[in-house]
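Step one of this worksheet: look at the structure below.
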């Protein structure tokens, strides 16, 4: 039996999909309306899952408040109400698709949580589009 | 008895809350993180309600496909994947709060639908913040 | 101050939109794909609202279990897993649009609850289409 | 045209429905399983709506952060993770039905917000049961 | 690390659960109210997941618009507003349970997407019943 | 290909997180507000998943009504509107965190369903906190 705990958090951010070095026309061809020059944005929903053994003293895998603080400090504080292309250090020189964004969040949280605790990161960019990174 | 029909649609857009003529510091004081210089964005949910009599031939107040086309043409096509501060004609020189945005959408749809059909516009900027304009 | 209590219930049903006396072509023109000859169906969400004074002995306007039983007996039992065009007495000879359907449910519950208790019936035919009948 | 802004917040609490002075049997008859002696609880969803004029300087009816702080301080801090029958001053000697609870929240927020700003309080005790107090 | 992208789409359809060769009574015994002779229907929610490597030029596993077009063309266009028992070629001679339906959709999309891209199909027939087919 | 069917059900319960043998202060340090002496509660959402082969006679892995009855009888009837610390036999002497609670539910349903049918139990204690036990 494997036990997993998931914390759901939300934030909003702006972005524009484009690859530097390509013209606006080429970017439009690849990214469509997501490449509009003045950018747009989303309400993102982030679900972070941790798997592990239940501690017999606390009945917990990890304290949800601790998990929330780590996500808040390492991710939400850096991206909420920000522009992913300009304001966010760890997205610099990246195409800010939600696949890439979710992968970066996985790396950051994996390092911050340590011990191989992180099992999965799910990132929704809209109610119909969802991205998942897992071991 | 009053009958009302509501169509729900979604779009995403970018914006930055600020009042021209004020400094970045003054804007930050009023609008907080929503005033970050490089902008952010949201997934908006738009609910448009029409009240009226049921037509005996069709069993409808208004054909939902017609209503959807009007909302699509008059609103969604003009704002989806756009920057509200820069790309959207009807938001020019406006503070793009969702209150103001919802009011503009109400005016546009009221004119487009005519005959006093429009009863209410609800606009969600996040799962926790909702704005409503009604007669 | 006005107090209102709302019970949400769900059911599913099949229907085909058409007006008897019209040809399949004419029905298709008015009702589109909703007029496909072999029918389709929906998961309906029904929200029934009752307004009134709070009883000082119970702290309730109406007991939610009573309200649920009335809706179950008068509506859900008659329409759940049924074909609205064929199986449902109170929809006989009606165009089964959700506007018309919601109006019939309002009439039935208004009579069953009595004393002008019923304030509003909301009926969702999909996550994007909602119909409301109120006093 | 009337503009309304709604803030949604969540909290959880325990309660037991019973009327003091009645026996356990009598309480069970009125309140059913909600009267189980050791209590149970809910995740409540609270929606607070404020109506008014849009301020031309800010584009807002009321700053959502201010509204959130008032709800947080006046309601959520007093009820979250509490037992409504024992821990909550303003519910003392009340039957803690959600009708009564919503009415008390309306009174508290109406006084705290002043100027007749408060338009409506909606309180969900479950995904199927919703209570609304409005002017 | 494994990256997965999921597209959510909705459609509605009618069906009746029955096994040809059995009597109405026998079908009723197995399928209950789902076997009512005149059929009923559902709003289905379909979630299609694709796993793979992120393309360095686009930052994507697969373009979401392409994925949406494939699902639209191969599945939604064939089942939306249709009767699963009568109108849908790939459901002919099948018991249209949602398990079977989801399996057929998996097969169709697996062939259409090729290269072993398809990871999972989830099909909801109601908010409480969900079916999943995965490798 | 693997097929999984999931039934979603809801219930509400009260609980207080604490470890017997520790002082109120020590419990408060570990469990925070969840350790408030008079308890609180939640609306729980339970999702039970069963994997297996599709029966060719019924088109089902397991009849959803049977699955629902088992969950109702073995779990919901024992915990709904109850206090997990006091009223629930299988939670006696357990810290009623949702991790532990979900694990107990997995064990109970695994035994009741038999044949290794049970694949996963997911238990939400709030819209932001979810716990999963799987093989």
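Which chain is which? They are A, B, C, D, E and F, in the order written, and residues in each are numbered from 1.
FYI, a contact is a pair of C-beta atoms (placed from the backbone, for glycine too) under 8 Å apart; a residue touches a chain by one contact, two chains touch by 3 or more.
Here the structure is a predicted model, which is why all the values come from computation and not from measurement.
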| item | value |
| --- | --- |
| Shared interface partners, meaning chains that touch chain D and chain E | C, F |
| Pair joined by more contacting C-beta pairs (C-E or B-C) | C-E |
| Farthest chain (mean CA position) relative to chain E | D |
| Pair from D-F, C-D or C-E with over half of its contact pairs in common with E-F | C-D |
| Averaged-CA centre spacing for the pair chain B and chain A, given as whole angstrom | 28 |
| Centroid spacing, where centroids are CA-atom means, of chain A and chain D in whole angstrom | 34 |
| Of all residues in chain B, the ones touching two or more other chains | 127 |
| Which pairs of chains touch, using the document's own definition | A-B, A-E, A-F, B-C, B-D, C-D, C-E, D-F, E-F |
| Residues of chain D touching chain F in the complex | 10, 12-15, 33-34, 36, 38-43, 80-83, 86-87, 125-127 |
| Contact footprint of chain B on chain C as seen in their complex | 17, 19, 30-32, 94-97, 99-100, 102-103, 106, 127-135 |
| Chain D to chain B touching residues, read off their complex | 1-9, 47, 49, 54, 57-61, 63-65 |
